[in-house]
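Below you'll find the structures, each written out as structure tokens.
What follows is subunit A paired twice: with subunit B in the first complex and subunit C in the second.
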Partner chain A sequence: MAALARFWSPFRLRLPGGRAAQLLLIGGYLAFTVGLLLLFPRSIIAFLLYLANLLLVFGARAVPGAWQAAIAVVETLVVFPAVAAGNPFFMGVGTTVAIYVALALGLNIVIGYAGLLDLGYVAFYASGAYLWAIFSTGKAAEFLPFLHGPLGGEWFWPFLVLGLLFAALMGVLLGIPVLRLHGDYLAIVTLGFGEIIRILAAGLNSITNGAVGLPGVGAPAIGGRTLGAAVDFYFITLVIVGLIVWVTIRLEGSRIGRAWAAIREDETAARAMGVPLTRAKLLAFACGASFAGMMGVIFAAKQSYVDPTSFTFMESIGVVSMIVLGGMGGIPGVALGAAIVTLLNIQVLGGISDFINSVGARWGIQIPPALNPSQYHQLVFGVILVLMAIWRPEGLIPARRRHVRADEEAEPATPAAAPGGEPA
Partner chain B sequence: MDILPQLFLDGLVVGFVYALIAVGYTMVYGVLELINFAHGDIFMVGAFVGTEVLVALAGWGLRATADPWLALSLALLPAMAVAAALGVAVERFAYRPLRRSPRLIILISAIGVSFIIEDLVRLVETIHQGKFVLPVPTVFPDVYHVSVPGLPSPLTIKANSLVVVGAAVIMMVVLTLIVSRTRAGRAMRAVAEDPVTAALQGVDVDRIIALTFLIGSAMGGAAGVLFATQYTTITPYIGFLIGIKAFTAAVVGGIGNIPGSFLGGILLGVLEQVGGGFVGAKFQNVFAFCVLVAVLIFKPSGLLGQRVQEKV
Partner chain C sequence: MSAAGGTAPRPAQEGAAGRAAGPVLEARGVSKRFGGLVAVERVDLAIAPGTVHSLIGPNGAGKTTLFNMITGIYRPDEGDILFRGRSVAGLPPEKVAERGISRTFQNVRLFKELTALENVLVGMHLHLRANFFDVVLHTPRVEAEERRARREARELLAAVGLGGLGDELAKNLPYGHQRRLEIARALAVRPALLLLDEPAAGMNPRETEAVMELIDGLRRERGLTILLIEHDMKVVMGISDVVTVLDHGAKIAEGPPDAIRRDPRVIEAYLGKAVER
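Moving on, here comes the complex of A and B:
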């Protein structure tokens, strides 16, 4: 265990060599993974290796930041669709990963930046999803007299914004009563909030159709053309995710971002220094929630079906484990965590199940479906959470914190996470 | 409402179960200021061990209904032992290494442990029984119908309910005696008051914390068996919701305060049943969460708790 801890602690993502060498490495690896994608059109491993391109770009510190961003954009918006546009499997996986990256970034604002443990984050996702589902299926027309029938796909775009605003409003509504609570209490109350939203979604039949759910949620449309294909959702999601990443980067160093960091490190001291606690916390809840609201709208349109089982406590914890795995507070870490957990969840466990079944079939052993590894998501999340908490609480890619010293005597600022190298 | 007295009685019974679980939350919070998120799952493990014993006894030809007191004791003892061992193990491997970490990290570890226990029980039961939703053998089958003058319909009381309440009261009394009269109990109170000073007085703080987990988890395990016999079906996921409710009960009574958690449990059980009767069973769980939020906002110290000044 001690050896494991030593192996982990010096892990920093940093490529060797100068600018030219790094660019060459990036280009070579990109060509390699594109080849893999073409050779193995249903391989999740190929997709994972392709995703590692982004990590490589992030680790190329000798390359200027603007180039890094440009390469990342080209890799996700040009190369990947060019290679895999005709492959709904890769497009679907890419979209799902992107949605979870956005969710994790949103929750990261609440947990990673402001230090408020929110265990009911899925409530905001549900708000966005149900908002679009109710209006685009015509359910809204049943209780809103001025509506006649379902809204068309053109309405998807304003509803992206409405979903954002609605979820932000929910975030503030949750925030107001829980402002005075700390740590564990906050966690339990937000958990309760998430459950309340789910129970309401399952119980208010006249609005949400209850446990039956709402089928036939509309896909987006532009000028009469419906954008319902996997590729369309891929582009829509990625553009929004890009926007969210940009907003997050801008928020991090802003006045409010620094206020959040102050609250996270020491609420009492922050208050004494004049940080407006109420406003800063409510803004954290609202920002985090708004990302989830937008993603909810996209999710509803992509699935074309919404029901309460998509918004359980497990979903909230899944997003928390993404943040914990990747590294709280840092954008690359959170994105990495989201990608790993999503793929683990949707593909790798299922892949292991298929493998076990095929092995079992070969030897003539019937593996009962109840022992299927894909049924044990919770176990995987649980193991990730415990191991990361004990050995690497700062995550796979620890957040880079700017350290500012007042004078030579002052101690360097300590990261929020506890030292990770101390095994039990 | 005609059914109000009946709801009140049902609430009382479930309230005693909540109270037994809430004690575990409150004791751990008292010494560590930590919400032991896995406690609901320790309760669940107790329920499964007890049920497995009852099933095994039936397999050996001893039907629980033939000698209910013996069957219940045989189910309770191993359930309490396993739950206690599990509680101590969880503390040792998931909480103790993190005692100096930020609260967020400990809570995350606790949630992880809770998930691991749930799915491991599911795995074990799937291998052992072929299913993970278990029916529980009946122990006390009698049902009494008591006519009370002035009430339109007679009250229905299960014999099992009386046993649940009786067992819960006995355990509460024993626990109170342990905490208030014994040497270990005094050490426990000292650690809760101030762990550093307690250590300076020669109290082995680590041992006392382990003991706290042991006692709290044993009570949780016993609550699991009582719950199983009362509600007749268990799944590996019952610990989540009931754990949250028991935690709510601990908060209502004032977290860290043992008599408070008894009071809070009974109060929450009654409120939930009666309130659920008004808003509909579908929204009954919302009711418990609303109680939690309301108490935390308006009286965060709970009914019997003391207001703790935040140290700077």
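Moving on, here comes the complex of A and C:
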């Protein structure tokens, strides 16, 4: 109990004990959750508990950073697939979580770093998804005379890059008209942009097939071998997520990340210091959008079906709430928020419903559908966000911005003692 | 109050020695109106290189408005502003900074959630070359550039008396340090002309004294030209080479501090109350 209290007391994730104890704890918990995965092959709770492994590794501060990273990579890329590769359910959930982690990291650049409230983020996701869907289903061949039929699975890889570029372009196109807007006004315009893209997708029958959607989106392939299994998508998505995390970390500590932070903190002062406002904002939009574009391509291939209902306003709001819940501006927090919200969205409440129903059935009690928890997921969502706003406005894992350290040579610590110029 | 008794005598015209060239900054008939209010009316201003030029006047005289026009925050309604002979009127602030004009703000406007060092590094933005791909690939060039930048930022912090405080969040620094940090950040732009908006506001006499020494040092050691808005007459009279007096948006007097002190128009408009002993 005391350990638990310490775990949460400063509201900062930190495991007790020395390095050996922490490694033992990590190993023990890993073994425990692997057992759960094997015992309950369709339990979202088992998945959730397995995911907590990463949190545990993150909290093991006595373990060197490189080890932490290595353990996390092994847990996601080796142990989990080894245990659950044959289980499409776990692999599918894992992929979905990873996709949303990527989306949240992308939006985090726009909102968390540059401070631009974007409520139409799903538009970029849709751009990537439709791009691949249109070309891989042969829809493109109907209006592009030089194409003959659908593109094969090998084209998936260049389309990952094309999806990135296309979404980045969309990001710039959205960015240009909203450069002068702030806060609420920016939010409203971006919200409108998201809706425009969705309505376009629903209305442009000749290109997107409208509300009917595009079935039969191609899966990726290498050398004639189709990579359409759940485990394939799991790996593809995680590699991209790793890439995105890498890029995000690099940007954060760079001249570009500092320019974003400066704009977020004080636009006027940033400009007076020579930070080019237009370029920095457009880069933030393009960057965030490009992550979503790539994920859109993967999403389309994974679902093998694309229609406008996947890209509603609620989807954008969902990604925003991931950031808010997890902790705006920090990579671990945003990833955690994405995982929690995604699981809440897709499974947890449904799982509880099923459980209640099965218990009810056993006792011969009919649970009225109005009391079914899965009906209330918007409500639960709202309650969580309100509670967070009250108790933890900075998120579950508050961002510890990667500050550039002054480091190196020991400097004479003479605050205010030496006021600039030599005394005359 | 002890040390503040007498204003440190400033080595008189040292900085002004080499002022052969024309003015660094020249405002020609600059005006700015906000609706019906004339904030600045046809003001001419010429700032000689290497001087400390002060802008004084009662509240609402148009001093900060003039600053904002020079630094591109406002576009003048009429007139022109020349910096080293080229017009900067109407340029966006980031372009003005690029030309070599940097400033501090009347109400401290630091990037609060960034460290002191990072604040200074933002000021160096124009002098760092790393682009998006350099950053993502983390080339050795970027690494070296960042290391150089950090070193320079530390030196700047030390130069304004904040040595060793680089890792403090700007918002956690005491007020006087925040003002110094703003100066360091402005210096990081490597300006030829530095605009200081009330650098001694809200400071006690000792801190004021230190800020004066700092400004004087900047001029002498870095060859900076400084345009200063200040209400503290001891500062103005102590370190200025030229003082320009604004009242109701118009220039009413200009000259060396001693002449300004005696100018009847100035006394009437402004100094009468402030300077009486």
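The rule is short, and it goes like this: the second predicted complex is superposed on the first by the 371 of 424 C-alpha atoms of A that agree within 3 Å, B and C clash if a C-alpha of one lies under 4 Å from a C-alpha of the other, contacts with A are read in each partner's own complex, and residues count from 1 in each chain.
Methods note: a residue touches a chain if its C-beta (ideal position, glycine included) is under 8 Å from a C-beta of that chain, and two chains touch if they have at least 3 such contacts.
Just so we're clear, the structure is a prediction, and the values are computed from it rather than from any experiment.
J.: With both complexes overlaid on chain A, does A:Gly218 touch subunit B (first), subunit C (second), both or neither?
T.: In the superposed model, A:Gly218 contacts neither subunit B nor subunit C.
J.: For A:Pro81 in the superposed arrangement: first (subunit B), second (subunit C), both or neither?
T.: Neither partner.
J.: Kindly classify A:Pro398 by the partners it touches after superposition: subunit B alone (first), subunit C alone (second), both, or neither?
T.: In the superposition, A:Pro398 contacts neither subunit B nor subunit C.
J.: Check whether A:Tyr376 is in contact with subunit B, with subunit C, with both or with neither, and answer first, second, both or neither.
T.: The answer is first: A:Tyr376 touches subunit B but not subunit C.
J.: Using the superposition on chain A described above, determine whether A:Thr268 touches subunit B (first), subunit C (second), both, or neither.
T.: In the superposed model, A:Thr268 contacts both subunit B and subunit C.
J.: First (subunit B), second (subunit C), both or neither: which does A:Ile384 touch?
T.: first
J.: Is A:Ile256 touching anything from subunit B or subunit C once the two structures are fitted on A? First, second, both or neither.
T.: Touch partner of A:Ile256: subunit C, not subunit B.
J.: Contacts for A:Val320 in the overlay, against subunit B (first) and subunit C (second): which applies, first, second, both or neither?
T.: Once the two structures are laid over each other on A, A:Val320 reaches subunit B alone.
J.: Starting from the residues of subunit A touching subunit B, keep only those that also touch subunit C in the other complex, and list them.
T.: On subunit A, the overlap between the subunit B and subunit C contacts is residues 268, 416-418, 423-424.
J.: Which stretch or stretches of subunit B touch subunit A in the complex?
T.: Touching subunit A from subunit B are residues 34-35, 93-94, 96-98, 100-109, 111-116, 118-120, 122-123, 126-127, 130-132, 240, 244, 247, 251, 282-283, 285-286, 289-290, 292-293, 296-297, 300, 310, 312.
J.: Looking at the complex, which residues from subunit A come into contact with subunit C?
T.: Answer in residue numbers: 246-247, 250-251, 254-256, 258-259, 261-262, 265-266, 268-277, 283, 401, 403-408, 411-424.
J.: Help me check something: in the complex, which residues belonging to subunit C touch subunit A?
T.: 8-11, 71-73, 92-94, 96-98, 102-103, 105, 109-115, 117-118, 121-123, 125-126, 128, 130, 132, 135-136, 138, 142, 146, 150-151, 153-154, 157-167, 176-177, 180, 185-186, 188-189, 210-211, 213-218, 220-221
J.: In their complex, what parts of subunit A are in touch with subunit B?
T.: 111, 115, 117, 119, 177-178, 180-181, 183-185, 187-189, 191-193, 195-196, 199-200, 202-203, 268, 313, 317, 320-321, 324, 368, 370-371, 376, 378-379, 381-386, 388-390, 393, 416-418, 423-424
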